[in-house]
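Please find the structures below.
In what follows, chain A forms one complex with chain B and a second complex with chain C.
And then the complex of A and B:
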């Protein structure tokens, strides 16, 4: 088989669909270092994990996860890689998050950012 | 107040949210991949029926108006305690992670692991061992670097 058994770490470091195109914000140069810093603070404080669990719980409640699993099942069993499945569900997945849920998470993230501002 | 800092925060938040969502997408894809490769979804409807029966069993025991029926099967142990006919403790199946009432555990394992397993601590150890073997098989076959 030529194609991919290429996972090294199961849950992260996957090759993912390309991120959304960068904005034309002229301050973009300054964003990347601060994003790294924020990520470190998120992880060290445990907030990243809490946020992820909150999002997962909400997505479960509204049936989003079941929808994604149904999409995966449709793809079939033969010769599917995790990459394939990620590509199958990412567009629909990203697009079908309810706005209220997204707002709730964004609110919490912003609160975290505010609390860590120097 | 407002201005570049606010815009920055908004963008950061969106990016962080996107990261979280992508991470959950990968988790879901991984889980579906595992289920597909290990053939655990063959009896999906039966499993859902299983969960329904499990919930029913718990409800039956919890319902006080049923006590006259179920009492005929109650056994008094040496401490004078009675035990319900359907054991209601909830366990997490070590194979699929579902929450199952103890009284429904044997039929669930039968479907979950594809074989008939009488419950005894010896057999539970074997189930645990098998479940670990299945996981490491999955890791070797589908997650290793070529």
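And then the complex of A and C:
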């Protein structure tokens, strides 16, 4: 177990392609399940829990969790609430997740949806 | 926000929690405890009314929010994102008495009015109990439980509070250089050319003659002769046998002189490190030990581990005691044997009904490990299992896990695993006041300077009136980090951020010494139980030597790796120095 190796967290911009325009075609609605539907499918199959565990492991490996802990400690111990901490670290946290990690999770979700599609 | 009462850290409840408690009796979260669900693969606790419930915010119907809270008073679920919209806060403001909620995905209590976590001892105990029950119910032989995952993967970054200085080998400063040059005589000077030749063995190697089935003694003695802190103690004249015997009147020739095993050790060190390379006969030592362990005095083959234990006891008993210092072996102040080998084990026994835990500490000079029960399956069947199972993270986390090979780390993991005691072994619970089924977990409170691991290869069955030897190979590492087996790591992985239901003050135990160890001696046994032979392998400056009674030879490390380890000796890395390559230079 190495305690002293440094990891560089790549800061990526949040630029994403714009979301596709909302469809009115009812057939299309079947092909593109809503976020809600996907979420429920993931939860009910237990896949969401597995993905969360995978994500935790990856974030731990790349030092993201340690970074967040350091940010929290900077806030101090006194007169700090959970809501304060969430408010402080959320933007930085979201911005510093490596793209490779996002890609991996997206890949897994796609694979899962494909495997369970009717 | 927290205070220490009797060593327990208790967060102060917020005013809303106080009001809630006063209105809902002494156990306001009792009903909530029935909704605790522990989810594989991570073993995390969640709150669900039904196991398959998908929580949604009652106001906006969203289920994909990152924070969903269930109101403890009315069980309604709401989302909470203070900057965007918090339907949970809205709810708490609209109905007084509904401020306290629980995070449905983390099973953590929250006060919506204060915007902060709150804690309840009974609730936390129930969560931990549920997690523990879940983890112990899903143990398997080759895979790992949720708890094992977290032990294997946890980083002990919280264990150290002080900045640590990196290990660097000692170099003399300018003053020391000068005094070395002026006043010291090189131990090995140019005239003793044979001693500086590269084929010569390191200092302190001397074969031990077998006096009649005494390889059990020779093997242990060789290991002790090269146990760094023990070697330094005796070579540093910390126990002078002449002075000791004079004090006890032995020089006067009295027959029943006070026998002192430490004096015999001192004599042994002097003989072995004298520079004389001819094999030595430790007859005096054997005779002294026979007097101490009368029941083992015979020419029959003995168990090396038994000899080791009785030797340490012998040194402890006979060494002149300093009345001012603590006599408990755990502190290591009583004698050199305990100073070097004694650690402290922690045992936590938890009642499976109410969660009450009692803790005991015991000193130990070694750790005896069971070999795994037969795996049964070959490598093939185990890997097939991992493909189909949930626990793909287990395989991700341990890519080196060879299905079917027993390892020392595997034994240590099993040693520190929480174990359900059988229903015939119910222990008395102070809270319930009856015997209940219990869960026991061992961990290491304090590491010794030298860790000795004893592999239980000899099984004695008094029922079947037979003994047998377990020959199964055990893989052992040359470098070992004991951090995952410390009480602080074990407890942290089990309880996380919950209130410990007992003394959780484990922060300081590991801060003083490092947790990294280096292997320096392996005692091996070959042959049958009744007709076998002990051999010791010693490691000096990354070079391995085989000590087979009177014969010491240099061997390749692959021989050692393949050997059947019976006792493995590890020393704290900071005490394991590499000797310089060229011993002749000054």
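FYI, the second predicted complex is superposed on the first by the 85 of 118 C-alpha atoms of A that agree within 3 Å, B and C clash if a C-alpha of one lies under 4 Å from a C-alpha of the other, contacts with A are read in each partner's own complex, and residues count from 1 in each chain.
Rule of thumb we're sticking to: a residue touches a chain if its C-beta (ideal position, glycine included) is under 8 Å from a C-beta of that chain, and two chains touch if they have at least 3 such contacts.
Predicted model only: the values in this text are computed from it and were never measured.
Of the two partner chains placed by the overlay, chain B and chain C both lie in contact with A:35.
Within the superposed three-chain model, A:82 lies in touch with chain B and with chain C [touch as defined at top].
By the touch criterion defined above, A:93 reaches chain B but does not reach chain C. Legend: residue contacts after superposition of the two complexes on their common chain; A:74 is shown touching neither chain B nor chain C. Residue contacts after overlaying the shared chain place A:43 against chain C, while chain B stays out of touching range. In the superposed three-chain model, the partner touching more residues of chain A is B, compared with the other of chain B and chain C. Looking at the shared chain after the overlay, A:52 reaches both chain B and chain C.
Common to the chain B-facing and chain C-facing surfaces of chain A are residues 35, 39, 52, 56, 77, 81-82, 86. Residues 1, 3, 35-36, 39-40, 43-44, 46, 49-50, 52-54, 56-57, 60, 66, 77-78, 81-84, 86-87 of chain A are the ones that touch chain C when the two sit in their complex. Those residues of chain C whose C-beta lies close enough to touch chain A in the complex are 1, 39-42, 44, 52, 54, 62-64, 67, 82-83, 110, 114-117, 153, 155-157, 390, 392-393, 396-397, 481, 483. Touching chain A in their complex are the following residues of chain B: 4, 7-33, 36-37, 39, 41, 139, 141-146. Looking at the complex, you find that chain A touches chain B at residues 5-8, 10-12, 14, 16, 19-20, 23, 25, 27, 30-31, 34-35, 38-39, 42, 48, 51-52, 55-56, 59, 65, 68-69, 72-73, 76-77, 80-82, 85-86, 88-90, 93-94, 97, 102, 105-106, 109-110, 113-114.
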